[in-house]
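Questions regarding the structure given below will be posed in turn.
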Amino acid sequence: MIPLSYIVALSAFLFCVGVFGVLTRRNAIGILMSVELILNAANINLVAFNRYSNGTDALGQVFSLFVIAIAAAGSVVGLVLIIAIYRNGKSIFVDKYDLMKW
Amino acid sequence: MFPVLSSLIFLPLLGALAILFLPREREDLSRPCALITTGTVLAVSAALIFGFDRTAPGMQFAERSLWIPQLNVWYFLGVDGISIGLVFLTALLGFLACLASNEIRDRLKEYYVLYLLLMAGMLGTFLALDLVLFYVFWEVVLIPMYFLIGIWGGPRKEYAAIKFFLYTLAGSVVMLVGILIAYFTTKPHTFNMLELAAAASNGAFDPQLQMWLFLAFYLAFAIKIPVFPFHTWLPDAHVEAPTPISVLLAGVLLKMGGYGIFRICLPIFPQGSASFATAFAVLGVINIVYGAGVAMAQSDFKKMIAYSSVSHMGFVMLGFASMNSIGFNGALLEMFNHGIITGAMFLLVGVLYKRAHTREMDKFGGLSAQTPLYAFFLTICSLASLGLPGLSGFVGEFLSLMGAYQGFPVITALSLFGLIVTAGYFLFMIQRVLLGPLNPDCRYYKDVSPLETLTLAPLVIIFVVVGFWPALVLDLQKPTLGMLLSLLGVTS
Amino acid sequence: MAELVFFVIAAAICFFAVLVVTSHDIFHSSVWLAMTLLSVAGLYFYLDAPFLGVIQVLVYVGGIITLFVFAIKLTAHIGDKSIVQTNRQTIFAGLCCLILFALLMNMLQHSCHGPFPHSEPISLKQLGQSLVSVYVLPFEFISLLLLAAMVGAIAIGRDKK
Amino acid sequence: MNLNPSLNFISPEMVLTLFAMLALFGSVSSRLKHSIGLLSFMGVAASAVFLPLSFRCGQFSFYGMLINDPFSVFFRSILIVASAFTILLSMGYSEREEENGGEFYFFILALTVSMMLAVSSSNLLMIYLAVEAVSLISYILAGYHKKNPFSSEAGVKYFLFGAFSTGVMLYGISLIYGLFGTLDLGVIFRGLTTASYVDPAAVLVAALLILVGIGFKSAVVPFHMWAPDVYQGAPTPVTALFSVGPKAVGFALLLRVFTFGFHSAFTHWGTLAGFLAILTMTVGNVLALRQSNIKRILAFSSIAHAGYLLAGVAVGTVAGAQAVMYYLFIYTLMNLAAFGAVIAIGNALHSETVEDYAGLYRQAPFTAVILTVALLSLAGIPPLAGFIAKFLLLSAAVESDLVTLAVAISLNSVIALYYYVRIVKYMFLHEPAKSTTMPTTTSLSLALVVLTIAIFILGVWPQPVLGWLSGLLRLS
Amino acid sequence: MVNVAHLIPLFPFLAFLINIAFGGKLKNACGPVSVAASAISFVLALFVYQGFRSGGGSYSLGTWLSLGDTPLNFGVMVDGLSIMMLLVVTFIGTLIQIYSIGYMQGDPRFSRYFAYISLFMASMLGLVIADNFVMLYIFWEGVGLCSYLLISFWFEKPAAARAGLKAFVTTRIGDTGLFLGILLLFFTTKTLSFHDLQQISEGHGTVLAIVAVLVFIGAAGKSAQFPLHVWLPDAMEGPTPVSALIHAATMVAAGVYLVARTYPLFLVDPFALQTVAVIGGISALLAASIATVNNDIKRVLAYSTVSQLGLMMLGLGVGGYAAGTFHLMTHAFFKALLFLCAGSVIHAVHTQDIWKMGGLFSKMRVTATTFLIGTLAIAGVPPLAGFWSKDEILSAAYQNGHTVLFGVAVLTSFLTAFYMSRLIFVVLFGKPRSNLHPHESPATMTVPLMILAVFAALVGFVGSPLAHHAFQGFVGGGESSAASQANGGMMILSTVISLAGIGLAYLIYILNVNVLPAGMLSRLNGLHQLLLNKYYIDEIYDAFLVQPFLGLCRISYKIDLGVVDDLVNGVARFVAALSEFLRPMQTGLVQNYLLVQIVGLIILILTLGKLCFRY
């Protein structure tokens, strides 16, 4: 088995790519995708730690199951909101949402 | 035993409630209701004076009950030599200013509710002996005063009101931190002023801490007195406030600062106050001379009197600096006298403003012929204010100067220069307003109306009688000041 | 041999993830996202969590990606390919992410002390067992959450007539 | 394992979920549509009845997922009170689209359930799930007026910001799981003090990642940027609930996870929290000075109050916790009263700019007085409850010699006073531009009256709540 | 023997209250009321004099105020000096009030005039019987108040209003000197009573000399001595009887009385007496020189008063305690007489400019003769009062070796004789210069003139060697015997001086002989101009003291607004600017918010990392 640190490093990289994606994508849906990446990074971590821990409880995997469910719920709500704002005549580019400032 | 002091505070509150529930169309009832309330408060405070034991230095009519157990805050009221005079002053000015409030025409209900709230707050401040209760009443005064200046004030009323509110709050908020630090440094944590004073006398606060705590409290009181750098809110607040409110503002609110120093700073931080005695003296003389100088350059009647208040409170500062019984007696007496005299002066300004709707002194002239009774009142009040011996203003200043001379001969000599300037600007005012040929557009002014005389006469009588026989007030305050001095470790 | 498999999957995940973030066309990036999720599912299989891998494939790739595609189709027709997909703060954001990554790596090196002793993988029965015993509260609660999400989606998504 | 003690513990939540479902069905049938508000209010009342039952349960339930300690008891009561009044407020909120009225109450009840769970859970898994649920429902509520561009923009912004923050939090939780092998807070904190193999630097980074999520919820400085826009955009009763509910959850977690958890590990957590507190207060107050939209002012004011609360958290003692909890309770009342008044005025004037509030003393003296009382209490002026709360906070700070913090709180309340009184100035000192009548629904005025009376009573006699709270925390 | 001295001030005070309260109804009856009151006081004064001769003394009524542990009480001082003053003040006061009934006839505020006069009498009498500094100071300012009220009595005239203000402020400057003296005295000796001035003066060294000088400043303010004399000439704006009573006989004499009362302090150090003498000398000479050219009848008399007071101060200063007080007493009589005559003249011709008058002798026989007697008295012609008291001062100056001051006194006497005779020659003799039709004043005015004339003539004998200096003995003061032996040579010298003065005036103003050669005239013209403008002292004060001070006040008001107020508003502006600066931070873009969040997180990690673990 490969050492845990490689997997954790992988998930850290995935996390950072996700963060970068959220900060730079102009398209709202692009940001959503990057959030999905972050959640997957966390999932990898959970599963890996669960696998490498000598305990017998399945906390890691259970948690990642829940995370997947939440990811699904989250993206549903997110997309609906994006479509709603799109219908209100605004574009889906995030830097256009500056109706409320200062 | 009938809780006299609580009745003093809760009577105005009851009055305010009663007025609040007056139906909209019976709004004109609110004035008589307010008059009755302030009248009874005056009666109670007068009874208090008669019932007051002149020999006992300690607290009388004390009432103490637990208010907030978790915060160890007690509802503790008491009155002694220091506060009895000021309580009577508040009640008296409250009643007279209520009488003089007939010039208020609109939103009567709100005016009198706020007025009575203000009364309750002021009385509470002078009676509270628990630091937190003192702070609560200190701040309760701010809200009604803000609205009273803000709604019924002059042209720049909003600016003046918010400046007053923020300025005083800034000071008092620092005081709150001071209160808490004092609370946590005494071993059996207490907010009770008497216990704190006792703890301070057997060394609870080390001198270094005392200095900082003294500064925290001093800031709040200096803004209220007002002392030189913090006085700029006073002219704005006075000029913009309606007449009855500026009577209370000058007559009572300025005394809360001085009272605070007497009640909290001196007994609880003796070394702190002693180390600042010279600073007090210097600030006192600046107050006197600078206040008098600026007053001389005023053309607005009310602003001149506001600056004259700054000058008079300089004598109170000198009294504090003296750290001896003559000075303390002088300072306390000066506060009482200033309240009476400046209250009368503002009523007089109000009388003139009601007729002329302007306060520029150059718009008047030769009123002495047109309105002789008004001329009499204005002359005698100005003379009392410039400290003519034989009237009460002189006695207070005389004692403060006499006391302060022991410690600071040069500074007191300088402040005598202020006496000359004070005489100058008051007589200059009389010359512009009363003497000289009759100003044509003043020829229709009616003389002082019976109601106005009713508001002015008691004040004039008091400062003439006290001027002639000061023992009336001095006997009240002597025992307590004696005890305070023994606390400060001063023989006399 | 097992290391090789891991390295392939890891490389795939990283490669596709970067593509998701940097591709110009939103539709392409959704495809790359699908590929990333599939490789993650592969990783799960590698880590002896087969059930999780299957769920990942079904829910994520099947469900969420299709959702994205629908959303893109509904909104993408106005935006043509040429619009730059990244905004002004790219460089600065990139720098921040690098710092973040460095911090995480620095922290992780200290904490993870090599491979833990092996224990046999969690069996599906154990997973199911703990789901309804120890973690019954989250399990029930997640249902309320999903219900709320659905009702919310309908409430906002429905285009009143 | 016999579950019924655990079930007793979450009986209030179950009742709420039941009524949430009823509200959902109610919205379907047109007949029940109008009485849904009342129905959900009764639901909250019913769950309140069950609260004392759940307080007597054992310490842990659901295998240690939920914990019955003073925090959960007190915060659940705050959340019940908050949602009760929010429902009353939203019943009086005329702009709510009629047709999907039912879902609105469903979301509020569901949000309350998830908040109550978030507050009383002591397992990071359950905390994450509950926080995620709270966030999701909040995004929906924020974007509820789909026709109004402000509301949908608020929804999207809130979603994007929230999704990212909770994602980072999740990553933090996964690292904690990696370091400690478990997610139960009790075990983790014991592990912190005893276990040697755990590397504190790693724990620090993971804790900070979690702080991102919690900070987002309680709108503390580096994570507060979303608050003004979302508060302004979302419908007013939702904003009222946002300013109170999730903030309470945020601070409950801050107290539970940081003050009584990681505090022992990082000695400097106090100074950092203190610094963040002062930063939050100042940013909140200073930015609120020049705002003209009433909801935006209240948003910045709630950020400022988050600063004061963070100062209580930074103190790190039990007295600090008591101050924070009591402050939150009073803050809930004050803020709901303020937002209630804003709703009532909004119903009539249909505008949120402060300048339009001119001369309200003549048009709506009743509402104007209530708003003034709420604002002055927020400013911490003595006779009102806000003063006692602020006093507690200051005394906690001074007790552990954090005098700079106390002074910062005091000076900030002076700045705060300016923009509170600025609103009062428009209402009382200016003359009305146009005269309009004030339609007020019974539920709204009832809520406002009850809140104002509570503010007055708790200002003069804080004994009932303060006594109970001290009993809970076994203070003097 | 019942103590009745304290009742003396009460009666006029009673009259004041009656006139103020019932002025409206009493109308013309107010005059007799106040005259009656001062008459009663005069009788009481005689009674007290009688009591004093048979051994009466000072006594105290009770404690007014306690300064720390030293009580301040209502003390009554009964000794030679105070009784002399009581008699003088009450007698002259009564006469002047009778006179002013006639003079003020028909004035709309008739009752208020008499109210103020009675108040003045009460304060003056109170001042005289006070036995400690504070009581004295209280009545001292009371007197200042009455002089203010009476000077600006005809307040319609702006000049009167300004004169009142000027008088009060100038005397107030003096009073602050006195106040400072009181403070210093109390600070060093812890007692303020006059009784124990004697024994404390031995105890405390030069400090008391400073107290003496400060007290003298107070006296100088009230008695219009050199630096503070500017207010007296302007005080002539008031009615003439007021000038007679207050600004000639009584109030201005209070300063001399004060110096006399606190004489032991002055004896502590020769420096104190020296200043008194020098200032007295300067004032005497200065005022006399101005009087020689002044054209306003009342202003000539005013400057003459300043000059005579200077002489009194000089007398006291050279050690002639009795001489000074004796001149004080005699001067009160003839100066009051002169003012009343001037009043009667003005009453007749309705102008104060002497060059419009002329040849009034024939038309106003009684006034003219009394005027003549008064002039001769003040000029120091032998049998009359002025001669004796001035001679006393000259001999005191000569005996005690003050040659320079002696010269000044001689010159002043000469100038006095000159300007007084110039006055009567221009006003009474010669041809009438304008078509005035003067008529004699009514009886109520002329009777007091005659009485005063008689006294002005005879009162001198009281202190003259013929009655072997009974006055000096009565007034007390140890060293009166030294100057008592009749100094024949001195008497002859002073007579010669007076006659020379009168003769010179006669030459110039009756025979119109230009005494001086042409060349001298032009230079003299410059001097004449200087004197006419009163050495420009008023202008100097205004330019160097009043205007700069008012300017300073205006500047301080601007500072108050500009700097202090601005600082306060500045704090508010800073916070507003900070808010304006921070505001764009809320850009509205979600990704900016997220960036801030991440940057915040990184900063947190780094700082906490550095703090906790130093890596």
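Going by the order they are written in, the chains are A, B, C, D and E; count residues from 1 in each one.
Everything below uses one rule, namely that a contact is a pair of C-beta atoms (placed from the backbone, for glycine too) under 8 Å apart; a residue touches a chain by one contact, two chains touch by 3 or more.
Please read these numbers as outputs of a predicted model, since none were measured by experiment.
Listed here as common contacts of subunit C and subunit D: A, E.
Comparing the CA-atom centres of all chains against that of subunit C, the greatest distance is found for E. When each chain is reduced to the mean of its CA atoms, the one lying nearest the mean of all protein CA atoms is B. Interface comparison, D-E versus A-D: the pair with the greater number of contacting C-beta pairs is A-D.
Distance between chain centres (mean CA atoms), subunit B to subunit C: 72 Å. Inter-chain centre distance (subunit A to subunit B, centres taken as mean C-alpha positions): 66 Å.
Inter-chain spacing, taken between the CA centroids of subunit A and subunit C, is 6 Å. Subunit C and subunit E have Cα centroids lying 104 Å from one another.
Residues of subunit D in contact with at least two other chains: 125, 129, 132, 136, 139-140, 143, 146, 155-157, 160, 164, 168, 178, 201, 205, 228-229. Each of residues 166 in subunit B touches at least two other chains. Across the assembly, subunit E contributes 583, 586, 588, 590-592, 594-595, 598-599, 601, 605 as residues in contact with two or more other chains.
Across the assembly, chains come into contact as A-C, A-D, A-E, B-D, B-E, C-D, C-E, D-E.
Across the complex, subunit C is touched by residues 591-592, 595, 598-599, 601-602, 605 of subunit E.
Residues of subunit C touching subunit A in their complex: 2-3, 6, 10, 13-14, 17-18, 20-21, 26, 29-30, 33, 36-37, 40, 43-44, 47-49, 51-52, 55-56, 59-60, 63-64, 67-68, 70-72, 74-75, 78-79, 83-87, 89-90, 93-94, 96-98, 100-101, 104-105, 108-109, 112, 114-119, 121-122, 126-127, 130-131, 134-135, 138, 142, 145-146, 148-150, 152-153, 156-157, 159. Those residues of subunit E lying in contact with subunit B across their complex are 64-65, 67-69, 134, 137-138, 140-142, 145, 148, 152, 155-156, 158, 160-162, 164-165, 168-169, 172-173, 176, 179-180, 183-184, 186-187, 549-550, 552-554, 556-557, 560, 564-565, 567-568, 572. Subunit C contributes residues 87, 89, 92-93, 96-97, 99-100, 103 to its touches with subunit E in the complex. On the side of subunit B, the complex with subunit D involves touching residues 68-71, 110, 132, 135-137, 139-140, 142-143, 146-147, 150-151, 157-158, 161-162, 165-166, 169-170, 173-174, 176-177, 180-181, 183-184.
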